[in-house]
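Take this structure first; my questions come after.
Order as written gives the chain letters A, B, C, D, E, F, G and H; numbering starts at 1 within each chain.
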Amino acid sequence: MTDDVRLDLSRHRRLGIAEAILAEPKSTAQLTTALEHATVNDRSMLLTRLSPDQLASLPDATRGLIEYDELSRTGFFGPVVAPTGSPRVAVITAGTSDRAVASEAERTLAFAGHHCLSMSDIGVAGLWRLTERLDELSPMAVVVVVAGMDGALPTVVAGLVPGVIIAVPTSVGYGVARDGETALRSSLASCAPGLVVVNIDNGYGAACAAMRVLNSGSSAGSSATMSASDERGRLG
Amino acid sequence: MTDDVRLDLSRHRRLGIAEAILAEPKSTAQLTTALEHATVNDRSMLLTRLSPDQLASLPDATRGLIEYDELSRTGFFGPVVAPTGSPRVAVITAGTSDRAVASEAERTLAFAGHHCLSMSDIGVAGLWRLTERLDELSPMAVVVVVAGMDGALPTVVAGLVPGVIIAVPTSVGYGVARDGETALRSSLASCAPGLVVVNIDNGYGAACAAMRVLNSGSSAGSSATMSASDERGRLG
Amino acid sequence: MTDDVRLDLSRHRRLGIAEAILAEPKSTAQLTTALEHATVNDRSMLLTRLSPDQLASLPDATRGLIEYDELSRTGFFGPVVAPTGSPRVAVITAGTSDRAVASEAERTLAFAGHHCLSMSDIGVAGLWRLTERLDELSPMAVVVVVAGMDGALPTVVAGLVPGVIIAVPTSVGYGVARDGETALRSSLASCAPGLVVVNIDNGYGAACAAMRVLNSGSSAGSSATMSASDERGRLG
Amino acid sequence: MTDDVRLDLSRHRRLGIAEAILAEPKSTAQLTTALEHATVNDRSMLLTRLSPDQLASLPDATRGLIEYDELSRTGFFGPVVAPTGSPRVAVITAGTSDRAVASEAERTLAFAGHHCLSMSDIGVAGLWRLTERLDELSPMAVVVVVAGMDGALPTVVAGLVPGVIIAVPTSVGYGVARDGETALRSSLASCAPGLVVVNIDNGYGAACAAMRVLNSGSSAGSSATMSASDERGRLG
Amino acid sequence: MTDDVRLDLSRHRRLGIAEAILAEPKSTAQLTTALEHATVNDRSMLLTRLSPDQLASLPDATRGLIEYDELSRTGFFGPVVAPTGSPRVAVITAGTSDRAVASEAERTLAFAGHHCLSMSDIGVAGLWRLTERLDELSPMAVVVVVAGMDGALPTVVAGLVPGVIIAVPTSVGYGVARDGETALRSSLASCAPGLVVVNIDNGYGAACAAMRVLNSGSSAGSSATMSASDERGRLG
Amino acid sequence: MTDDVRLDLSRHRRLGIAEAILAEPKSTAQLTTALEHATVNDRSMLLTRLSPDQLASLPDATRGLIEYDELSRTGFFGPVVAPTGSPRVAVITAGTSDRAVASEAERTLAFAGHHCLSMSDIGVAGLWRLTERLDELSPMAVVVVVAGMDGALPTVVAGLVPGVIIAVPTSVGYGVARDGETALRSSLASCAPGLVVVNIDNGYGAACAAMRVLNSGSSAGSSATMSASDERGRLG
Amino acid sequence: MTDDVRLDLSRHRRLGIAEAILAEPKSTAQLTTALEHATVNDRSMLLTRLSPDQLASLPDATRGLIEYDELSRTGFFGPVVAPTGSPRVAVITAGTSDRAVASEAERTLAFAGHHCLSMSDIGVAGLWRLTERLDELSPMAVVVVVAGMDGALPTVVAGLVPGVIIAVPTSVGYGVARDGETALRSSLASCAPGLVVVNIDNGYGAACAAMRVLNSGSSAGSSATMSASDERGRLG
Amino acid sequence: MTDDVRLDLSRHRRLGIAEAILAEPKSTAQLTTALEHATVNDRSMLLTRLSPDQLASLPDATRGLIEYDELSRTGFFGPVVAPTGSPRVAVITAGTSDRAVASEAERTLAFAGHHCLSMSDIGVAGLWRLTERLDELSPMAVVVVVAGMDGALPTVVAGLVPGVIIAVPTSVGYGVARDGETALRSSLASCAPGLVVVNIDNGYGAACAAMRVLNSGSSAGSSATMSASDERGRLG
């Protein structure tokens, strides 16, 4: 079974973002193998969409090395990067129910050493909840906007805040919300300029995109960037 | 061909709303027949989705009796009801491109003798355009909100204005806007309480719904309402 | 966790409709926090889509303050508005199985002090069940029509009754009923004039829309309406 | 190019229904070839979905043998079966715009020698138009109900009339009507018992189904039915 | 709760088909009430989509009056009509897994006193299984063809057998079979003439349609048919 | 504009299949540039989905070098491979209208020097048209089955013929045929074992797949196959 | 119940592929009957999509004859064909989570006596994992590529490897992955020439298609192929 | 008509991005009005999705002020920002046919004074075309990847290049490509970390997002950013 897993250990060198393990569709055996590979290669590892039941099924020794957060269903295997500086990323939600996805984004950022500013339950049905906090959002390099149902919040934010706005549609809602499909399409069809979108419930992906922005902004990908020639050689 | 058309002449008596003719899918012969029926029964008639080509194809005498508006593609056949009182319905659009659908609603109201307040191009990408006019919208019994693309405006309005808010999604947009489907679903999944929705591009239907509100508010459907016992007899 | 919840306490002042708590996607901790906020602010609160399991998971003291109805899955937290006058809203269903959604609408109205007229199982497969009760429906300001499967009842009612007709599609049915999508689309494409529609299974939303109609009808939004200038200031 | 066409000449013997030519997707050359085959085999032929442009493109001699009807876009090539007896099939439409599809059904029946009863524009928005004609519909063996938009009429008819009810959804409508998809799904999800459905705009198919009913009813498929043993031999 | 249920007791008189109870979406209380109504009115009743758990939840006395079949999930409450004559309807399946839906059709027919011919597992992947039994199928007035996955069998049968062919798509399959949607659409788009279709998994509806055919064939709806004038009076 | 085009000249060496030009979405300038590249590199080129209008818009000199076939909308630019041996691939269609797509497959094969066996109009509504030709189909290494509407033919063929069966759904049909989507899904959900599928109307792709089969069969990809090590070097 | 099952015992003779039992939608009784038929006819049998619960529900004697593999959910009932020669088929996956579907393909091949080359977790997010193994893939007659989520791997492989490339989309992923629909459509729309596709999660079908390729390559279907004339006779 | 247009003149101050005019759904009168507003306010204006016919319909004086590019369908009304520095954004396409959308992105960047690096026709079917240019892509702050059909290129790039990767799905393709829907969903479901996506064919939006990245990177939104307090006041 060991052969089922092949970690992409050069990902951080290539992209400035380490590989993470999407736990949900994996068996206990597959998860265990992946973490053994990480141990052997002396890597810390982020686990996403890890259910409490999956966590409980892992061998005691392995489970003991995982710092788990139930709301976000994420686990930190091994030490994380120490955070530095003040937050340049905000993670905000339309409703309380969107917190789980937002916290996946926050945990992904934390694992890589990034602080973030967090705000909840500021959906457009009560617009004052957003406008009273615009002063905090406007200086941010990135605002991750997590919203289900109608998905109107990302558009409103993208019309008011100049940073990179990343919409994360969530599967919160019922009926025509269709597991996030409506929020997704609403953000993609936004009338606000330059709003970008990731998959439904993909807090992890939004955080990775935020890190790409942060990496690109500082010094044009120098430290995080692989030497392309190098990698090209490796591809061959 | 005459037998193809049967006007619902008792509709106004039953519902307080006269029948209108959806012209788009009809042949010239069918339109002509319908207008002959109206003439014989001494009725004025609203035509919707009437293309300039269809208009041109009608016999001269018939065409001369139609007051046509190209933007809304509506025609008034015969005299209209004289307007009275100050507007209790507003019709507003997210973008300039939504004007055609909005004007179908406005013309439907005008045909029945209702003034309305009209505002354009106040979409949420520039939120100030909406908020600076809230004073005008708040006293309205009904606000018809016409919006394509993301369909975020109806939700924002429904969170700020207490009247009956009717969303009319439009087919304006491209890609995932999918001919209005996204705007429709976004409004249906709205987080704002009590937003109601009609079919895509259905300015006519929104105006009819507004008239039902106006009728119900004045004196509980008394004048516009048929005697149900009466009608029940007729059904038999 | 307290920061996850921010009640929109000015909603009733703005819209004439108080905020409610959509319980379904919320954790016990989030529900508890929300109800604490309500207590602190001395508000009653309507809870919707609250499962028996969620109810059972709440602290005893909190649970004791909730008047729960299992069919509608709604809870009243705190005292409700005393009803006055005779019903101006009817809530009717096509089939017995649509009762759960209908009762969500009825409970939402009851929480705000509105009586309603209730009728069940009068779908169009046996049309006499509807026609024999038209006398009761025709004077209503609003008729909420709850129907799954083919969704034909709202169209038939909207052709016979002059009030505001609000279709609530339900997820009752199987196969092509597709969790209410067919009933939804059928009502939106209705050939009857002025039928309006809310989200699938959204009895709460239909009731809110009905209250907007009642509020708009009496005295043009005066008491329920915020001063827009006031609110505009607050938005800033 | 002749090899592109292979008529199913034994179809009438097998099924009691002759093959017809779906003209729409065919080139002039392919149509000409098919009609030559018919001539050689001494068969009359029904052409469906034949556009005026296609008709005009045919060789003069061929075109002269076609009795064309523009509304239904059908052509009779060669003599038709003489009608006998009183109508046992009714073809009815919800709106005037559904006439084109209804007339395809009527022409298909006429080509095979069947009279039918035709009614138009009796949709449920004005229910009295249907109920006043129930006496004529109830004795029919088959009622073909042609309806677009919401597709509510077939359900209402199937709740009132005991014959075989065949719904033909049409592409009439706009927005969520989605080219007949909504009418189709509404009829399939019908709460009325035993309603059957054919493809959108498929008047031809509905007529064929009606003929299967008529054939099965008279004397259990005796004259129209092939000897199955016979055919089985042919299949091998 | 009693008021939630209103049986359509005149259905058999109108349509020749008695009302049945779709049990699946109903609560125990609602089922019990419905059966009490039946008892009071001295009617037998067919229950469809009745789960073993629902059956077990009924009061002992009620449950004892139900003859239950687990494969079809149907129950007979009260005596059934005694069967007469030889079968004029066949019910056939493409695969063994389609048996549950087929047996719903067979039980519906049996409840009304109709024998039927039953064949299983004769899908087109092994075409000989169908062709060797054509002699039995060809004399049938109606063939109900139950098939999931690709839904090819109804088309093949409709090309070989002259009776009324009713396709019942089933939700058997996975992936693109999409809970029967593919089988449904394939049958609706059939190249075979006159194939009619009912909702996915709707064995009950197919049986009702078959009974409409049988009723129409014998003596033009005379005994089963209401007097339309009569009923029209009742509608009023 | 020249920089818009970069031919994949090593494709034949890598895959045994030369690059072709999908003309449809390209401008005249882009087509001209591509053919200039081909000339410079001394390559023949297959053009697919090339409309007569596009052909006419090309410079005379270029157009003169193209052997064009209107039915398939394909062009041969430069000399083709001379055919050898007897056909090992059959291309068959359900209906005459599917010929255009079938001929795209045949022309793609011809361009690469492969004969094929061609049969038309043998759809399952008249099953004898298929069964009488099974002797010819059974020895084929590959059978490309082109079918629109219900898409039943590929399944029936895959149950009778042992070769590689490639379904090509076509956009022939109307209503629920939905531009080939139904035929596509029906073939993917097939109950026959090992049926493979390509995109709707993709005769070109089916022919390429057939060539992969032929190449793999002869001598395990030796002549057509690149040296993988070689190519790996090139990737780097 | 025995009559519910009819094995297609001549399938191997016709197609070179034996019938298998899709266990998932079958009851214990139906599975038992099918295996009894196999025993009586002295056939081994492959069971697919057989859950551990289904296995456990079988009679002890039957269960004892099944060699079960939990990851692939397949069972071998009776002896399998002994493998010979070196692998000519590779089965590769984009991610570890795709292993279950891949192993269904591998087990299907193993049951019929085919070795295969297996590779896992070589998705395009870390492209080097694929390119470093191209030397092994290039000589293969068939490469089965199993991938969920974006479904990009089959396209990349089909651009690099000359054999027959069969994409098996999997339901791995969340949100817009929509149970494999996105991976499916991406492979069907591939820009790489000659990629063929099977149903979502259909490892069994991909293996059958691979066997058709292997059979066709060796000696043009001679040994595996029925005599078509023979079979034609049988069809009759 | 003038009242139909209300420019969002403070957008650049708020967001660092000036408003543009989506020309496609606008009438000549509406376009003319919008450009008059721009003239009065002394603004340059970008027009997108402006057809040659629309351009030709404008008054001569207006048309003369527009620098038009046909491939991208964009117009520059008034002077543009002078470009400075070396490119930090790359715009690349999978195929030649994706150039139109790519050039909309390039023109949007050029209008705002940003150079960009442009590459075409480097889709994954010939992977070497991408890998040989990785050295140029890796230092980029943003890579806009324009791709239709399968949409595999953005995923492959996002696995190799560390900058912000913005996928622009295009409507290039046919059949299951479904006007860009498949490319869109494939990019959203990407297995590569941090890929972000905009609407189908939305080159303009991708360029705006790129500008947000560039703005955020330099000095945290200082110059381009409004004072949020300021704007908040204006919202009120």
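Keep this in mind: a contact is a pair of C-beta atoms (placed from the backbone, for glycine too) under 8 Å apart; a residue touches a chain by one contact, two chains touch by 3 or more.
Source: prediction; values computed, not measured.
When the contact pairs of D-E are matched by residue number against D-F, B-C or A-B, over half are shared only with B-C. In this assembly, C is the chain whose CA centroid lies farthest from the centroid of chain F.
Two copies of one chain, chain D and chain F, touch each other, and the residues they use overlap weakly: the shared fraction of interface numbers falls below half. With respect to chain E, maximal separation of chain centres occurs for H (centres as means of Cα atoms).
Set side by side, the interfaces B-C and E-G show unequal numbers of C-beta pairs in contact, with more at B-C.
Remark: chain B and chain D have CA centroids separated by 36 Å (rounded to whole angstrom).
Centres computed as Cα averages put chain A at a distance of 25 Å from chain H. Shown for chain G are the residues in touch with two or more other chains, namely 11, 19, 95, 125-127, 131, 158-160, 173, 175-177, 181, 184, 188-190, 193, 199, 232, 234-236. Considering their complex, residues 11, 14-17, 19-20, 88, 131-132, 134-142, 158-166, 184, 188-190, 193-199, 204-205, 207-213, 215-218, 220-221, 224-229, 231-232, 235 of chain F touch chain G. Note for the complex: chain E touches chain F at residues 94-95, 123-127, 149-152, 155-156, 158-160, 173, 175-178, 181-183, 185-193. Residues 3-6, 8, 10-11, 19, 22, 24-27, 30, 34, 49, 169, 171, 179-181, 184, 199-202, 231, 234-236 of chain C touch chain A in their complex. Of all the residues in chain A, the ones that touch chain C in their complex are 71, 95-97, 99, 118, 120-122, 125-129, 131, 172-177.
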